[in-house]
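Should a chain be cited, it is by its letter among A, B, C and D, assigned in written order, with residues numbered from 1 in that chain.
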Amino acid sequence: MTMTQALNLALDQALAHDERVFLLGEDIADPGASGPTAKLSTKYGVDRVLDTPISEAAIVGAAIGAAMEGFRPVAEIMIMDFIGIAADQIVNHAAKLRFMTGGRTTAPITVRVQVYGGLGTGATHSQSLEAWFMHVPGLKVIVPSTPRDGKGLLTSAIFDDDPCIFVETIRLRGQRGLVPTDPAFAIPLGQADVKRPGTDVTLISYGRAVLDALGAAATLEQEGISAEVLDLRTLVPLDVEAIVESVRRTRRAVVVHDAVRFAGPGAEIASILHSELFGVLEAPVERLGARFVPNPGPSALESQVYPSADRVIAAVQRTLAPATVRAGAHG
Amino acid sequence: MTMTQALNLALDQALAHDERVFLLGEDIADPGASGPTAKLSTKYGVDRVLDTPISEAAIVGAAIGAAMEGFRPVAEIMIMDFIGIAADQIVNHAAKLRFMTGGRTTAPITVRVQVYGGLGTGATHSQSLEAWFMHVPGLKVIVPSTPRDGKGLLTSAIFDDDPCIFVETIRLRGQRGLVPTDPAFAIPLGQADVKRPGTDVTLISYGRAVLDALGAAATLEQEGISAEVLDLRTLVPLDVEAIVESVRRTRRAVVVHDAVRFAGPGAEIASILHSELFGVLEAPVERLGARFVPNPGPSALESQVYPSADRVIAAVQRTLAPATVRAGAHG
Amino acid sequence: MTTDLTVDVSPEVQRRLYELMTLMKAADDRLSKGIASGELVCVYWPSRGQEAIAAAAGVCLREDDRLVTTYRGLHDLIGKGVPLVEIYGEMLGRQVGAARGKGGTMHIARPESGVMLSTGIVGSGPPVAVGLAMAARRLGLDRVTVASFGDGATNTGSFHEAANMAALWDLPVVLVCQNNQYGEMTPTEHTMKIAHVADRAAGYGMPGVRVDGNDPIALVVALTDAVERARSGGGPTLLECVTFRLRGHYFGDPMAYMPEGQLAAASAADPVPRFRARLLEAGNFGELDLDEIERASAAAVEEALATVLAAPATALDELDRDVYADPRNCPA
Amino acid sequence: MTTDLTVDVSPEVQRRLYELMTLMKAADDRLSKGIASGELVCVYWPSRGQEAIAAAAGVCLREDDRLVTTYRGLHDLIGKGVPLVEIYGEMLGRQVGAARGKGGTMHIARPESGVMLSTGIVGSGPPVAVGLAMAARRLGLDRVTVASFGDGATNTGSFHEAANMAALWDLPVVLVCQNNQYGEMTPTEHTMKIAHVADRAAGYGMPGVRVDGNDPIALVVALTDAVERARSGGGPTLLECVTFRLRGHYFGDPMAYMPEGQLAAASAADPVPRFRARLLEAGNFGELDLDEIERASAAAVEEALATVLAAPATALDELDRDVYADPRNCPA
């Protein structure tokens, strides 16, 4: 099934099996709904799949209030660029309530957001802001790359006792893959997944960029280079053990994501690797991410912004180059 | 003069010398004002130092609108924790307008924010969120540590043609230092400052944590260890050249800031250093930042959250330990 | 609205109101004295002068009704039944605090008393109240959720979004605006053009009611009406309660920004002595009755404070607890 | 409000309104045809059906008056005098676009025409309009700023904060709500309890006026009034213009969410043919005059499109430009 169908399945099963689950967001109910929430209001009623006003702060605030009372609300922020509007509720309430009240209140909400990058919708409908939420203690941050992971991780997020930011990627909507339909199927948060084993270099990624990593690995194989593709799946919790284990073997790593490179998730991962594997790495960890520009409208320009399999391959080659060559390249 | 006086001087001179400058924010006008804006509405009138409703989104939006018409608004978001409310305007308008309109409109605003950490005001009045804004192309991010830098950098921020996030730190309010009173005195953005020269290790810092670095350096000197303290002053632009130059000499580095360590500014800096100085570093770059917890209320707990001179010293010692010892310590 | 003490509320309710108001006042007085002398160390945003509102809520709400309040919540918390030990304990960083002292003054919650949130982010409570009310409806419970906030909060976008949702969905919410005529150091008339916060209600399609926030009887009447409407499915009400902050914004506020005479006038309208005088006038209670209530309130406060001061400080290991329910693989 | 064509506006204004409306309609029609056939590739949120509002603004505003609009801004931009080449050029990613094609459909600005912002963030325009109006006052100019937005936008916190500020400071702002009865796929009555957006004005202390958004004459009358009030220091107005989106939310929207018959009824009230019929009835213009105006509009659109299609695509090096005024030491 497609990613959209997998996410729909996760929501459908959660609604079916647990009365505590309900969905709220803009244009998520039928007949207007078209994404992962389509058909669910018809099946479960508009009481459980609620269209809301355009009020991102109150959508998340309301989810928090209901979660405090034992519900498992799944709030949608249509496009991740709008999450600033809800950021206060996420950061100052959802993330901190458990701590601030000594566990007396908690906010086990799931906030689904969609990244629109790659659609030509320009700078305010394209951002990948997961780094913001990694930096806020109390939140969990999830970004699936396959339909199977989408289903398994969304199920875990909804039933996780901590607030989760669940990042969907519009360019993955049509991705297909096998998905277990057993309602119990869930993927634990905090476990990275080896999407392709390898021995010469580790490509560390999550979300859409996993496709770039896999594409690069396929090409590199033909050149005799064996690249392992590690899909983080969740940024918080972060499977440091898996990351370090892989790179300890391969001694080379490229981190690649669609988020802006500067001060992005890759910075944390590279720092961890350099620290944990100092003296073990054969080359500095390469980091790829979006260029440090607002997203342009035209696709000819937009495609220059994001990583690609080719850029991953070039980065791998930098990690493989003899130190002398590299020194020249890096100035 | 104190940091507060220095910031007040920068605002005062900007108001005096340029009609385009005006200030807006909550409780910034006399008789209620107590921080860097005190006395300014009395001197320049409430037309130029405006109290606003509690409306962070509209405060920044209004500043943007006025900036488009050629003004140099200085907006205050009282405490940085509230910046989520204004994040949409900052991220989706201020940061991107120049690019999105091909330079036809620009938003040269300054957003002054205050970090309240250390006052015992708890988790929602204490955060240092500068990493968020480093990650957004189009913004500049400034964090002074001394009154002189405060005056010089705030003056530059106000007259810079790009939108600036200017982070003030409540715990630095009373810091004293010499400040040139010449209105022309300004410190260019993007130039790190060696606050103390040294040869054995570089302590890279900004804002309040510079005091920890300086404190550590003083103690370390008695132990015969010469620590250089590099104050970044601005995170964007970032003086990579100065950072790399210093650490190329000392071959050891500790990055220290009050922002949460995980996915914080230090991750970017450490990554740059590891990449630029691969094979040159004697030890992995140490990163210190706030612990990954919401800020607690009681000061006995809160003081455990932040870096301190002692923690810097311990980190320096880790960078100086023989590799064998270090391996043991890091597991 | 003019109220008639004898018609509108029973003597039991009159007594309860006075008990609550004097308890709130005593709790504030004692804390203020302690902070001023250096005996007690904490941050505090005093509710002194706003007791009538919280006392009225105290008598109009059921224990299972929900309350969302703010940093300026001492009176609200007491009204809703949070034990003083938990409040003082939290403010002073002791293990007996509502959150074992780790959350601090601004973040006190106690679900057993229906207090689900105290927030330090102005305007951010009403959206959470919307969610609490949605939950009550889903649970099939006839609970009402009160969101308590200031005049300044009604200028925030969050207030607007939440008010609109509450009205749209006819949620069992009462939006209680404690209009104390200032937001920090800025008078309300400098932050909104309208004279009456209650006029904001029309924009959402809910009733807006303005009431003397220093008159507990008028408040009980207005709140009873709003609570009943909410409870019976009639949707939310915006209730503007006009009052004054007698100690300024934060404890120690020199209030130099207040115009000459304003504080004196407000003090003359102090709801606590005013209510005492009115009770005496109405004749159900004598001086001795009311003195006894005041003494009991003061004693309860002293006892709570003694318990708190005898309790251990918040344990250092609280830093490691409650960040996540499941912290595996989370950063530390 | 009933309007009288002959009394309320001069024949010159009638002509200008029809010219603008037909130009807006032609620009939408041509774009729609091109996207549908695959000839043109861009994202587009059609303004078809809302022309009367933008045309009225076109005749009521001065060139130096300011406009803030949204993604659904084709008609507004034309009304305010942005050359079609710059609009199409931006939508289609050409060097002749307002931002040399790099900003895209949602972000068109042209200060020379007073268009300072098009935004894709619902509700975020009004705060910027507040700032533009503050600037006008500071500059001593009697410019008016119009913020144009949808019904759904009035549910956002940003709208509320901005409306409150505009009223508080009596700013020269006109808040033009184009109530097209939907926000994306959700009917307006599912997102607010009030029937009239104009009723929100009372909560800010500004006049709220509801007008037929398909009647250009009524709009001119109402806008003239609001603009004059703003220009003369009388402060802002919330003007609700009731209209309909004839092509749905985005281009290609199947509109399956609309109840049976709604679109047909709305099409019957299409402001462009309706205004044509009215002009004919009033007698200042004959069929041939109006045909000629339509032909000229269509020709202007074709000419602009041809210019755009002949222009070079946005240069790749635009990616490196305009991120900062001073990019020294900034990341790349």
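One rule holds for everything that comes next: a residue touches a chain if its C-beta (ideal position, glycine included) is under 8 Å from a C-beta of that chain, and two chains touch if they have at least 3 such contacts.
Please read these numbers as outputs of a predicted model, since none were measured by experiment.
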Practice prompt. Average the CA atoms of each chain to get its centre, and name the chain whose centre is farthest from that of chain D.
Written response: C
Worksheet item: Looking at A-C and B-C, which pair shares more C-beta contacts?
Response: A-C
Fill in: Intercentroid distance (Cα basis), chain C paired with chain A, Å
41
Worksheet item: Between chain A and chain D, what's the gap in Å when you average each chain's C-alpha atoms?
Response: 37
Item to complete: Provide the C-alpha centroid distance between chain C and chain D, rounded to the nearest whole angstrom.
Response: 45
Worksheet entry | chain D, residues touching no fewer than two other chains | 102-104, 107, 119-121, 155-158, 161, 164, 168, 190-192, 318, 323, 330-331
Worksheet, complete the sentence: Note: chain A residues in touch with at least two other chains are 52-53, 55, 57-58, 81-82, 85, 88, 92, 96, 99-100, 122-124, 137-138, 262, 291-294, 296
Worksheet item: In their complex, what parts of chain B are in touch with chain D?
Response: 22, 47, 52-53, 55, 57-58, 60-71, 73, 88-89, 92-93, 96-106, 108, 137-138, 140, 160-162, 189-190, 236-241
Response to the item:
Per the touch rule above, chain D residues touching chain A in the complex are 42-43, 90, 93, 101-107, 119-123, 152-153, 155-158, 183-186, 190-192, 256-257, 313-314, 316, 318-320, 323, 330-332
Fill in: Of all residues in chain C, those that touch chain A in their complex
68, 97-100, 102-104, 107-111, 116-117, 119-121, 124, 126-136, 138-139, 145, 157-158, 161-162, 164-165, 168, 318, 321-331
Worksheet item: Touching chain D in the complex: which residues of chain A?
Response: 26-27, 29-33, 51-55, 57-58, 81-82, 85, 119-125, 261-262, 291-294, 296-301, 304-305
Worksheet entry | Footprint of chain A on chain B - complex, ascending | 57, 81-82, 84-85, 87-88, 90-92, 95-96, 99-100, 122-124, 127, 129, 131-132, 134-138, 236, 259-260, 262-268, 270-271, 274-276, 278-279, 281, 283-285, 287, 291-294, 296, 323, 326, 330
